[in-house]
Amino acid sequence: MMNLFVLQLLNGVQLGVLLFLIAAGLTLVFGIMDVINLAHGVLYMVGAYLIATFAAATGSFWWGLLLTLPAAVVVGLVVEFVVMRRLYARSHLDQVLATFGLVMITNEAVKMIWGTSPLSVPMPEIFSGSVPLMGPLQYPVYRIAIIVTGLAVAFGLFVMVNYTRVGMLLRAGATNRDTVSALGVDINRLFAIVFTLGAVLACLAGAIVAPILSVDTGMGESVLILTFVVVVIGGIGSIKGAFLGALLVAVVDTLGGVFGPIVLRSILDPSAAGQMGRVLAPMLVYILMAVILFAKPAGLFGRRA
Amino acid sequence: MTSLGVSNLCKSYGALKVTDDVSLSVESGELHAIIGPNGAGKTTLISQLSGQLNCDSGSVFIGDRDISRLTMPQRVKLGLARSFQITSILPGFTALENVALAVQAREGSSFRFFGNVADEAPLNTAAMTALREAGLDHRAQVLARSLSHGEHRRLELAIALATQPKVLLLDEPLAGVGGEDAESFVENLQKLKGRFTMVLIEHDMEAVFALADRVSVLVYGRIIATGTPEAIRNDPEVRAAYLGEEEELV
Amino acid sequence: QDVPASANDDVLKIGLVYTLSGPPAALGEQARDGFVLAAEKIGDIGGMKTEIIVVDDEGKPDLAAEKARELVARDNVDFVVGPIFSNILMAMVQPVTSTGTILISTNAGTSTLAGEACNPNFFTTSYQNDQNHEVMGAYAEKMGYKNVFLMTPNYQAGKDSQAGFKHSYTGATAGEVYTELGQLDFSSELAQIAAFQPDAVFTFMPGGMGVNLVKQYSQAGLSSIPFLSAFTVDETTLPATQDAAVGMLGGANWAPDMDNEANKAFVDAYIAKYDAVPGTYAMQAYDAAQLIDSAVKKLGGDLTDRDALRAAIHEADFDSPRGDFSFGSNNFPIQDFYLVEAVKRDDGFYGTSIKEKIFDDYVDNYASLCKM
Amino acid sequence: MLDVNGLEAGYGESQILFGIDLRVKEGEVVTLLGRNGMGKTTTIKSIFGLVKPRAGSVKVGGKNLTGADPHKIAMAGLGYVPEGRQIFPTLNVEENLRATARPGKWTIDKIYDLFPRLKERRRNMGNQLSGGEQQMLAIGRALMTNPQLMVLDEATEGLAPLIRADIWSCLARLKQEGEAILVIDKNVDALTKFADRHIVIEKGRVVWTGTTEQILATPEVKDRFLHV
Amino acid sequence: MNPDRPALSGRVKAALVLFVLFALMPPLASALNDPFYILIGTRILAYAIAAMALDLILGYGAMVSFGHAAYLGFGAYAVAILQSYGVNDLILQILFAICISAVFAFVTGAISLRTRGVYFIMITLAFGQMAFFFFISLSAYGGDDGVALAHRSTVLGLDLLGTDYGLYYVTLAILIALFALCHRIVGSRFGRVLTGIRENPTRIEAIGFSPFRYQLTAFVISGCITAIAGVVLANQAQFVSPAFMSWHKSGELIVMVVLGGVGNLAGPIAGAVAALLLEEWLGALSKNWKLYFGIFLVLMVLFSPQGITGLLRKMGIVRGQE
């Protein structure tokens, strides 16, 4: 049982780190630029499709990754320039509508370009093994690599937002665009950079999960809601919050699914527990969010507006 | 008779004591000014009186009723109204609608789902009266967001008046209003004097000394002096902490 | 029963309702392609001028119900063919069959429609949903597995699947796990499997879920534990899972390498046209077209005698790629079921391959409940 | 330094400015006077490009910047203290000062010398400051951009008399150091102590301009246009 | 955006035009030999009801509920559940739907209203999802597969809904009645408080209202009206499934409201019509219709900030301030 717990914890952390990569971009764009970007999830999907294409063309995961990142920058800049730029000054609802449109466009375009069948990306050789954990348990090296990548990005972002001038300007621009620009800062360029950074992070997340998940047209949507849950639990705009929120969501999800039924069985009779477990399991993350928001209406690290 | 009583009020943000054992009693019908340097805790005090902020300890009375535990709306019902230092209005409503809503709040029957509120003459009449008293009746039909700053200040006052308060808390109503506008604003306030108890926060000393019956000086959370305008003007401690040299007074 | 208006004109109109958007679109497209392939091969289906109308149900039952009505009421179709998913089927049955129009499901085969709610105007060329799971249960039983780990998505079909497996498997279960519908990362479940070390794993993970499970299963180093599944390792997912799935076992009513003339013709034509190996979705839709063709031809294009039409369909007088095919009393097929294995084919594609026959002329468990 | 000609601007359908002419030379202190709602703030906003001018021109340092992006105009050497302070609520005091700073003679220490109160509150978030503290912060923030011309819109609003006096003396000092200032304020008397020229606007038009001597010599200006 | 006199009459006028068009549609469709549009029309009307209900809180109360499809589902399941007990009367079904919805809206609304803005969006989503998953696990009513309804509801024993015509006109009547209701609410004292809360909640408290009670009341009303749309929808589809309650549906409702124009009741009705008709037509034109629909949405936002209402205003067809 202990073994399982440790393994699940690791799994939780790995999922959490991945969620964080996506959520980080969303929370930046959302908290700092005050833009709700529903299309963030499809950027994650695009990242996965890009690496699938590049890896297949070059025959190597690493070349694929290397090509995906600049391509992600281009995608980010283009989306920012064509659509997002025009939305900054708009209401949240306008942003929701426009980015919802973007989601439809991207999903359909991806379908037209790559077809509906899922694609797959080979696992890079050096990471393809597992390390022995304890007893018969093993843990895939690749997932450890994901954890490390995520932690590194988290650290970098945390420093950037809290301790650099770019970070300050971003936070300032979120609330007061006019004033920031009248004080001599090119806010549009700044926002373009942040948006692109967020897009690249999402694409990166999509690229690094591609070897473990299938690359398909639905991956953007399924991750979007979870990412929003993470961002909201953590408190909008808080990198620290996104990080903890992601870990919390992931761990509750992985551990709850396994140990929840066990706990239930100890208080209810087995069939009722099974029934109850099945009803509750998919709600777990949402229950978590509702409870957290009930206790802290602006998330764990959010500032009350 | 004491209309508004404050006893031993305290409030801190972390290590900072913003309100430090403040006691105050404002007589009914009196206009009591509170002055003090920036950051002294005047707005914080008003927020505590109005219920927007919780106090750490101490109590607030209206008459002899302890209102320390009541919410903001409940206090308003008991006749406590405030204006905001930083304009807080309904930008998408016309001036008249802003005030009419305050009248409606006073009347208390807002769970009415039928009947067009815009046609309710009594509401509009009462609102116009308040606007007139604040000197803004000529702009009644203008959207609040298109009013100028000075007009916003007047609208703040009109809204507060419309709740027909017993006690009116005014947080720098003159901020940003100058010249003749300020004078006429002071006149408006002068006319209101005596109708209800007023607590006035102002940095415009001319206005303070013209209007106040008594003045309290708040410095870093403590009241260092209370007295008639004359006494305060000549209090050396107050001069050092707040007023500065006489000729700097404009 | 009333004769639908569609019976009186001299065009044969067929409406296809499949999920063609969103992630499950791959399944819907296979089915559509399979049907179209047959239609092209046949030319004039039933010897009549044929018109095929393809409709996307978007995975939304309410929309599907309306589209089905639209096909019947506006487009005057003679047959409605589809869909992929059970919930969509449930929404379509009433609007289509109540007008006397024939509905042919090429994939979904819910238990109610096989049993109590069986319907003279409803046929299916696929199976009753439980059957593939029963195949795997029977196989596990036969292999003498003592504890099998069951894992399916947390929804109706997932529950039915575990029940179906247990219908023919009497051993113990090492765990009965329900995963969230649409879940993509199975690390937590795989950890449990690693911890329990069961004799085998049985799962039902259609679409993207299956792809991910399969890839992660081999990555987690669990390949030594037999992986039994239904609707998980098939021609729609193999292009994505590729080598990761090779050797995994499934239950099916057919595989593309079945050795008979009709099948060779079908598979070769499909590969030639779509550059992919057909799966059961394509095959069953292909059969639906052949079924319609055979029935209409029998009647010489006169669809006004509905009883004759139903009888003609029931005869199922066509060469199915799966060989043996006939309808039971509930209009569900009586057919053979096989254990299939994922392989890399000689032509370089991945596909499933027949390993052994598990059931012969198998009748579903609900047929006896059907009073028709 | 700043040269505005025939500026027209407005919001939506309503036109507020009908041809404003205004010049500030190097090292000169100019005031913009007028009653509430006459268009002073709108003038400033259209100079900064925050409201797009409909006609006329804005030149900074000889460069035509009419309708340019606000940051370009600011970079040309204008420092802005907006009406209503517009402090960044999610930044602390120090970050507020640093975020938009540009190198030059004004450093954060100098600002803290000028406003010691800010130093005490340096870790407070912008929205946790008193009104007056916010005002000081807004001035400090503009100074930190090291402008050649400071534009102050109601910079002493809500300040205690002592502080207000401080700000006047600070502006006087800035003037001595050769900086140009354009200032809007209600305290005409305080302004006349150090301003060079005055511009009075009414209903979006310049109705009077003149030097300090002239304004002191013609009390009817104050009576007619300012009612002070 | 403010409930001013000119906007008010503009709203009513726009709605009246829409209602007349709706009323004329069935005979027209029959004349054009395409009676099928009547059924599509019924679905559009049902969504129009739901979108309008959402606008009541979204447009007037600034409460963006991302879980409103749950109420659609409650309405639909009210029909299915009562029908399984042999209760076929539409009015009873509506009452039942309202009861469930009111309770659910009251409880979840009270919790959700502790939050604001995007937090509110997400917490309502959470409750919507809980309801969704609850019905998925409800095996008695088909779980994920849903249940087909044997027949449409009756009204006081009359088979009014038996024909597509009947169903359509009853739905239209319900829509008009609910529009009138919402219109009255918005213009009432209650409505003004609600709008005021949207504009500036602190100010509203400072003049003596506690926003919570008003917002919660509006939330419950909106939920109940949406449930009525669900009852209609179940009758239209003759089928009920949890798919009615998925977050996609909630999202679609928001899209309809914003597309039509927020905060004027008539806009969302137009939004529902536009969104669903466009889906219908584009779908018939191309299998990649979602691409074009997406482009349409983006262009709408970029060039007509207030949705269809804004577009009409720009073209001078509807008057009212920006």
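Order as written gives the chain letters A, B, C, D and E; numbering starts at 1 within each chain.
Throughout what follows, contacts are C-beta pairs under 8 Å (C-beta built on N, C-alpha and C of every residue); 3 or more make two chains touch, one makes a residue touch a chain.
Only a predicted model underlies this, so the values are computations on that prediction, with no experimental measurement involved.
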item: Shortest contact path, chain A to chain B, counted in steps; value: 2
item: Chains in simultaneous contact with chain B and chain C; value: E
item: Result of counting contacting C-beta pairs for A-D and B-E, higher pair; value: B-E
item: Centroid-based (C-alpha) most distant chain relative to chain B; value: C
item: CA centroid of chain B to CA centroid of chain D, Å; value: 28
item: Intercentroid distance (Cα basis), chain C paired with chain A, Å; value: 35
item: Centre-of-Cα separation between chain E and chain A, whole angstrom; value: 31
item: Chain E: positions in contact with at least two other chains; value: 136-137, 290
item: In chain C, residues with contacts to at least two other chains; value: 21, 154, 181
item: Shared-contact residues (touching 2 or more other chains) in chain D; value: none
item: Chains touching one another, given as label pairs in label order; value: A-C, A-D, A-E, B-D, B-E, C-E
item: Contacting residues of chain A [partner chain D, same complex]; value: 165, 168-169, 171-172, 174-176, 178-188, 237, 303
item: In the complex with chain B, residue positions of chain E that touch it; value: 1-5, 8, 184-185, 187-193, 195-196, 199-200, 202-210, 214, 217, 321
item: Touching residues (chain side chain B, partner chain D) in the complex; value: 13, 35-43, 85-86, 146-151, 172, 175-183, 203, 205, 242-245, 248-250
item: Chain A-touching residues of chain C, taken from the complex the two chains share; value: 21-23, 25-26, 29, 154, 176, 178-182, 184-185, 187-189, 191-192, 194-195, 197, 207-208, 211-212, 215-216, 219-221, 236-237, 239-242, 244, 276
item: Chain E to chain A touching residues, read off their complex; value: 58, 64, 111, 114-119, 122-123, 125-127, 129-130, 133-134, 136-137, 247, 251, 254-255, 257-259, 262, 288, 290-291, 293-298, 300-302, 305, 307
